[in-house]
Each structure stands twice: as structure tokens, then as C-alpha cells.
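Okay, got some structures for you below.
One chain, chain A, appears in both complexes that follow, with chain B as partner in the first and chain C in the second.
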Partner chain A sequence: MSGSKGDRRKERIDRGIKVRSDSVYAISSWKEITYLIAPRLVLILGLALAPLLLSAAPYWQRVVSIICVYSLLAIGFDFLANYVGLVSLGGGFYVGVGAYAAALLNTYFGLPPIITIPMATLLGAIICTVLFLPCLPLRGVYFAIVSLMYPLLAARIIEALDIFGGTDGILGVDGFSNVWLEQYFLILCVLVMVFALRRLVEEDIGLVFRGVKDNDQAVKASGININEFKALGVFIASALGCLGGACLTHMYMWAGLSQFALDFSIIPIAATVVGGGGTLVGPVLGCMILVPVSELLRDFGSLRIAVYSIVLTAFIVFKSEGIMTYAARKYEQFERWVEI
Partner chain B sequence: MFEAAGLMVFYENMLALNNVSLQCGENKIIGVFGANSAGKSTLMYTLSGIILDIRKKEEMAGGERITIRGRIVFEGKDIMSDKPSLRARNGIILCPERRRIFPESTVLENLRIGSYLATTAQAAETLDYVLTTFPALKRILKRLGGFLSGGEQQMLAIGRAMMAQPKLLLLDEPLLGLSPAIQYLLAKAIKEIRDQRGMSIIVSEQYARPIIPIIDHGYILENGAAVVEGSKQELLDNPDVKSAYFGN
Partner chain C sequence: MGSEPLLSVRNVSKKFGGVLALSGVSLDVFTGDIVGIIGPNGSGKTTLVNAITGFIQADTGAVHFKGKDITNWKPHKIAALGLTRTFQVMRPYFSLPAYKNLIVPLFSPRARKTGGWRGGGKMGSRDTVAVDILEEIGFERDSYVPFKMASSLPTGYLKRLELARCLALRPEIIICDEVFSGLSMSEMASMVPLIEKLQMEGITLIMVEHRLRELFRLAGRVVVLNFGCKIAEGTSEEVMEYPEVKEAYFGSEEVYDYV
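Then we have the complex of A and B:
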């Protein structure tokens, strides 16, 4: 009765190499090694070549950097949402905290970017985690609402108290010594984080994270303090965001209120939806599509948001699994018609 | 009156229902027995049409591909492609496994949600009937569904299904996790409902003993296939069935 003709159905079969196990592969030939490495290599080489290919267009080179910043945020969002079960709309807060931390360390203490970026990442993540601690027992939409409030709150506090340069922001932050360093540092960060997190969620600790998401009561009953793990999850996600924020500050040589903007909360979510939640690579892919599209759409003026929204809605309605989930399935399985 | 023929359901490559055929006459109680994973719930989902809904959701999420084959004829019409809501309008009402009570609505509200398809007069009359059949519900009409005991929840679930004016009532494991005393009480109530209201009932259960006295005809499912079929007496006399589903 479904779309197919006659009494046949489409069968999905794992390709030989996948059948042996989901994560441990028994590799016996160069062909199989290539099969496994090819998709990873495409990502790595693709990202590594992007700045070179775009070296003629500095504007688009800058877009690559922005893609990386959004990717870091999106990976964090995907990790937190699909592995820890916390839907965080606080992306803007992570970026803002990281940006201000880096800018303050740079302008007040005169530290160079090579020190401010790691320090801002760590410090920012600690600040974010501590501030989010009271909200960790919240779940679902409640956590989302509270985390959405944080960036708004932070921006208004800075504005009202006129601290950290108030509405002007912090000017005179050192830039990266050259554009190649900026690009490749960010690309390296994204690649390391993607593969590290993909490994992490397969480890024991990843199992606990997923347990917290699936059934937190059962995890509690196993004698595990779920708030510790949620805090760790927030720490990882906010570290990614702060890293992005710190890089952003040094890229623009400026930290300001716009780094608490809602864009940093919303675009990572959109990228995760488009790319495929739970894959961790998907969000990077999503950013690679959405950020350039949103740049291209600048010509449309205010219609930009409309076009953007339509694309997103279409994606959610027609392909809510996301590009990466779809592609992985096509790559790892083949289909054939069989008689019933 | 109700006939399913050659039902096959695949969850991806796993065969959940293998060529199951089943008939249910007017005012009959049909029992479907089988162990865990025998395909009872899939059968119930297929008969009620929920499987179409599950298939759609899986498709959207990029999950398992569900393939459905076969024919379901109800009152002379092929309803295989009908959505669950349309099947419910036609009188096929599922009382789902694990009750699926609305936990944040009171007992009365739960029952009234069930009467969405009924006219006001029918709803009032059925409500009266449900409360007479399950007097335990009368005292707790104002209590929230989530705070009921397992037995009360099951009575409420059956009551809610009754409110939709079923011609064919599908009960998916109505005795799940209940004490023998309540199991006995519910089995008696199911028979009473059939006798007094005149409807066909298909009831699935793992353990046949409490249900077997009230059925007219029974099917045994194993690994998705109906391996034994027969009247109450035939099932009782079958030595294999006896050892597997009566616990002696």
C-alpha cells in the first residue's frame, strides 16, 4: 500500500564493514580504510583549503572565520541538546562572556592573544558554568527560557551600569598578527573539537551524558549526581562558545554589546536542525550552509530574514532528520528491492 | 464484521507481523495471546491505524522504515489506508497499552475527552454506564489521572475508550501489571461490557489465564505469526498452548 509497486519492499542493508560493529571496525584492506577515512578527510581538507581558495576574496575569507565561530557554538549546542538533554539558548551569553574576558585580559593586563584566548575560554567557561549552576535542575523548555534570559540580562547590565566601556564596548583590542593565523587557528579548533567530542560521547562519560538525557531518574538511581554531569556538559559547551567569542574579539579588535546578540543563540540551533542533530559534524555542515547563505541574502535587505525563515521551515517540515543523518545513512547502507 | 488478512509489518528489515489473518464477528470477544515481542502491540497498532502515524514520524526523523502490507476490512470496507482518526470515527477504538491516561486531567476530564466523537446524549448515557461498571471511579472523579493506581488507571482507560462509542474495541494488554484480584474484576467487566453494550472486542494479553474464560475465539502469536487459532475450548485443550500460556 505504500508508494512501492507490487509486493516488494525496499530493504536497507549495512555495508559490509559497518556490520561488524557500530563503532569498532575491523579493517582488512586499503579499500576499507579509504571508505572509513574518506568522509573525514573531505571535511578536514575542505576546511583546510577554504582560506586558500578564497584568498582572492578577503570578504569571504572573513566569512570562513565567522563560520568557524558559529560552528563552535553549534557543536556546543548540539552536544548539550542531544547528548546532555539541555536545550540552551544561551549561545549569545557564551560568546559575550568569552569576548569580554578576552578583551579585558588584553586591554587591562596587556596579555597577547595567544594567552588571552585560552584564558578567556577557561575563565569564561567557569563563569558561565557557575552562573548556570542554579538553573541546572531545570529541564526542557524551562532551561531554554532561563538560558535565553542570560545574554539579554548581561547586555542590559553592562549598558545600565556603564561598565566595560558601556555601549561603546572595549576598543583597542589586539588583532591576530595575520589573517592566515586567524583562519587556521579557528579551523583547527573546530576540527579538534568535533573529533574530540565525537570521541567523548562514545566513552563511558558519554554514556552517562546520554543517560541523563534519556532518563535522569534512572541515572540518579544508579548513584550518579546528575547535576555534576549537567554542569560538566554546560562547561564544555560554554568553553566552545567562549573560545568562539574570544576569537571574535581579536578578529574585530573590539568587544561590545552586539556579542551578546540573539544571532549567536539562534543560528547554531538552525545549523543543528539543517545539519542533523546528534551528529556533531552536522552542525558544522549546517553553519557552512547557513552563514554564507545569510551573507548572500544581504542583498535582499530585510527580505533576508524572510527567505532564511522559509528555508528553515522547509527543512524542519520536509527533512527534519538533517543533512548529516541522511548522508550518513546513504553512505553506510545500501538499499535494494526485495520480494515479500 | 471485521477481518484482517495477510498483515505484514516490517520495522526496517525486522519482520514484526508475518502474514497474520484475523476475524472478529459481531459481538464477539477475540483473544490475542503471545509473549513479549510476539507482535501483539504491532498488531493492535496496525488494526487501529496508529502504525501509519508511527511510520510517518519515523520517516520524518529519518529512523526506521516501516513497511505495511495486507488488508483490513471493516463493515465491508477496506480501511487499510484510513488514518487512525478516521478509523476511530468509524468505531474502531484502541485502548492503548500502558493506558496512556492524560496525567494532568482529572478522571472526569479524561472520560470527557474520550467522548469527543459522541453526541451529548450518548456521552451522558455512556458516562453513567462507565461509572456503574467501574464504581471505583465514582469516588475519584476529581482526582488527577497521574495520581491513580494502576487498576484505577486501567478502568479509566477502558472507560475513556467506551466513551468514544466503539463498535470494535481494541484492548492492548489491559491487565498489564495488575494484581490477580483486579485482573479478575477487569476480565469480568470486559465481558459485561460486551454483553450489555453489544460491541466486538479484541483483547491482547501475555498471560492467557484470566482472559481465556471470557473469549469466544483466540489466536496465539509467536514471532509475529499466528501459530495457533481456535475457539476457547480448542485453545484450552491444546497441550502446547497450555504449557506456554497458562503456566502449568
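Then we have the complex of A and C:
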């Protein structure tokens, strides 16, 4: 404790408007309403305008759809990792199951995309949850390792048994009737899921999820079966992944082994790190950065992975909290230097 | 006695590798009792608690609660029957405020069935019930302690939070694993009447404890464990007279007194 002159420290103080309006529903002034709604509006308008602004470049329009698919996966990963405590590398499996389910429903039963997508989401999530049931007692890195097995195993089984079209995949799947429908459907899904999950984790049932993450022993001692809640968490996350996979199938009019690719397991994690884990919006933000970057780097071939790794490492070292956490702090607090 | 014990532990044994952590421990607990379990470090106290509450599987023996055989049941099922426990190492849900910690037990099937703490009919908001429980157990509502983050609470409040988590289930038995350890003198002094209040409300307590002075004030009956065996049982005065107990437990203390 040196009391010498010139010693200063940084002080962070909540903005008055945040103190008043945070989780208080009776809001009095336009200023406060704007303060609360502005960040949400930026996200909604940003996503809603993206296809319009990019309408001149169909290639980049497709990138918006892919961002949305990855965003769905990343939201699921963030929810599972930061609110349920299961680090799942099974993203590729969720997408693959959703994709094949949608393709099979479409080609064998002739159902239109409007029915196959919800059905594939639900059916796929049930399949994923049932298959993950044996791993639910595992924790931490053990769950991560086992969950990584699923996409690899599924692809090998399809390849070896030559089922569902084998290595050729399932061809001749119906596409979306037009590109706008595809884009806005996906954007709507992402927005609804982000806001719904952000709501869910603050509800009583969401607190139980967070309890399972913080201290599963205490949850057990509270008379709650933690495996039920873990299963529910996996169901939610895999439903998001299957939804993305089903949309992907109809986008490409094809379901194949590449939908079990590890990209779907890895990019959501990177997006969560870059965007800020535990915020649920952060992963969407992360996808908006990483997916276009990886498209831009496509010309560099395998060097893409190197750039990717550098970006990721830089984020982990210098801004491990992620963009969203950082931005939220700047928005909600001001900093000042005080003499001590 | 005559009446049926609320909790009866028969010949419970547990081996960890080659170490016999518990060997044939039996224990009866009757409604309204405060039973103390004492013993030196590593004598199997916490292992016994874990075996009773299902956190570890006993190798042999049986545990009956309210006449039901609950041997090796899953922990959440045992808790749902009304046999709850606190943990020696307190790990609250650090990312949540203190009162939100109680939402988890209040969300459990048992709490929802009994309609909240003290059966207040239809449970209103769980938040309200949670703050009420915390106030009952010594969190000053006026000073906003219930609304502070669990990660910023001192040990004394964390111990109370552990008890509150049990209370939220409206249990019949609470097993307290060292609620006095790590508390300051004043915190301990305020914990004793709290335990007495719980007993007055009809909750049966089993207290695993190192703080003998406080325990002997509370417990009607004390069980002494050493090397996984029950070496004595009786009132606090009675167990002090056992030569094995003196040797295992109080020997060092007496020597210390003479010095």
C-alpha cells in the first residue's frame, strides 16, 4: 500500500440507466426502453438486412445461410457447455442426423421441406438424445472425447454398410422454393432460438441447468435427477443442430457424409470462444466473423487453417472473454481513473 | 424404545481398494433426535454419510428410512424421500445470487409436490419462498444478503445456505456434515440456536462434527467412529467414559490440557 501521489486505479461503474432498467419491467422513459432494446434491434436488423444488402452477390447470400446454420450449432454448443456443463464435440453428428432425416423423409415419403424440417428436427433430436444417454454420467473432457466419436462413427458406419446411399449420399432432395424463403427462415430460426434460450436460462428450469453445471452433487442432494436435465440439455442442443442440418440438406438438395464433418463440431467452438461463451448471442457474432473469414481465405487452401488457428489463439490469449462479453461491459459500465 | 426408528443403518461396510473405510457400522435414529457422529480424521464419518445418502454404494449392509429399504438407492431418490444432507466442502452455485441457489431444490419434484416450504398451499413465486427460507435461517433481508452473489458470501453464510438448500425440500432428516467447521466463534454461537430451532420444528438431525463443545450441547446421543468401526454410543457423558474413545479421540486433548 504505497500512498504515493499519482497512484491510480481503474474503476468500473454501472451506468445509472442500467442499474434502473436491468431486470426491472416497469420502465418509465423512452431513453431506458431504447437503452434496453437497442442492442437487440442491432442484431435483429443486422440479420434481417443482410440478405437484402447482399442480393447482388448470390454467393455471399449463400454464406449468410451458412452463417445461420453454424450459428444454430454454436448456440447449442454454448448452451450445453456454459449452462449445462457438457462440452459436446458432437456438432457434426447433430447436423448429419438432421440432414439424413430430412433427406430420407423427403425422398422416401415425398414430404415437402415445410414438414421435413420440423420433423427432422424433432426426430433427429430424439435419436441424438437416445444415443447420447449412455454418456450422460460422464463429465468434462471425457464427455467431450466420447461425443467426438459419434460423427466419426456415424460416417464410417454409413460408408461401410453402404446404407442411405453410401458414399454418394442421398440425391434428389427438394430445395427451398426460393432463396429468400431459405434465408429468412434460417434467420428467423436463429433469432427465435437466441432469444428463447436467453430467456430459458433465466427461468427456474434454467437455474437447475446452471446448478448442474456448477455443482451436480448439490443438485442430486436436492432430489433432482441430473441425468434427466442433462438429457433435456442434449435434446435442446441437438434439436438446434438437427434443424441446421435439415436446412442444409434442402439448401444443397443433397445429404451426404460431409454433413458429419468435423467442421460442424469445431467451428461452433471457435465461434463461441471468439464471440464470448455464456452469452448465447456471442456465438452468433463469432459465426458472423469466422464463417466469412474462412470463405475469404478459401483461395489460400490449407493455409486457411493456419490463419484460423492464429485468430483463435490470439482471442484466447488476448481477449479470452470474447467480443460479446467485452461489448456488453462497455455498454453497461463506464470506466474512470481514480486516485488512490 | 419400542417404536420403529426413522432411520436404521445395519452393518454397513465399505472398502476403498484395500482400505476398510467402514466395517459393520449400525445406527438407529428416531424422530426428533439430534444424533452426533464424531471421530478422528479419516475415521469414516463422511463415508458413512455418503453411504446413507447414496453418494457411494455400500459393499454390505442395509439402510432403512421410514421403513423403506433405501440401500444403494440413487442420491436424488433418497433426497426426494426426505433424507437430505449438507456437504463438508461447500460449493454453492457460485454464478447465482444466494436466493437463486434455492430455486434448484424448490424446483425438485419433492418440493413441488409438498407445495413449497411449510406447505404454504399453492406455492407462489419460488423467489419469494427462497427469500423467506433464507431469512428464516439467518440471512438479513434488509441488508440484501440474500441477493448477493453466492461467490461473494463468507463461510458462515455459505454453511447456512447449505442448510437452507436442505430445508427447501421440507426434509424429515438433515445430515449436517461439519456445519461448525471453519466458522468464527460468533458465527458458531448463532448457529447453535438455529440447529435447536430446526429440531423444534420437528426435523431430525444427524451431525457429523469436530467441534465437540457445540455438538455436546445439542446432541442427545453421540456415536464415535474410529478406523471405520463404531467404538462407542451413548450420551455425551457416557461416550467420554469409554477408554477406547479416550485413547482414540480425547487422549491427545487431555495431554494437551496438562501441559
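The rule we apply is simple: the second predicted complex is superposed on the first by the 330 of 340 C-alpha atoms of A that agree within 3 Å, B and C clash if a C-alpha of one lies under 4 Å from a C-alpha of the other, contacts with A are read in each partner's own complex, and residues count from 1 in each chain.
Basically, a contact is a pair of C-beta atoms (placed from the backbone, for glycine too) under 8 Å apart; a residue touches a chain by one contact, two chains touch by 3 or more.
Remember, it's a predicted structure, so these values are computed and weren't measured experimentally.
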| item | value |
| --- | --- |
| First, second, both or neither for A:325, with chain B first and chain C second | first |
| First, second, both or neither for A:42, with chain B first and chain C second | neither |
| Contacts of A:223 with chain B and chain C, given as first, second, both or neither | second |
| A:53 touches, of chain B and chain C: first, second, both or neither? | neither |
| Contacts of A:12 with chain B and chain C, given as first, second, both or neither | first |
| Partner chain in contact with A:204 - chain B first, chain C second, else both or neither | second |
| Chain B versus chain C as contact partner of A:340, first or second or both or neither | first |
| First, second, both or neither for A:214, with chain B first and chain C second | second |
| Chain A residues within the chain B interface of the complex | 1-2, 7, 9-13, 320-322, 325-326, 329, 340 |
| Contacting residues of chain C [partner chain A, same complex] | 53, 55, 74-77, 79-80, 84-85, 87, 91-96, 100-101, 103-111, 126, 165-166, 168-169 |
| For the chain A and chain C complex, residues of the former touching the latter | 204-205, 207-208, 210-211, 214-215, 217-226 |
| Residue numbers on chain B that touch chain A, as the complex places them | 8, 10, 12-13, 55, 60-63, 65, 67-69, 80-81 |
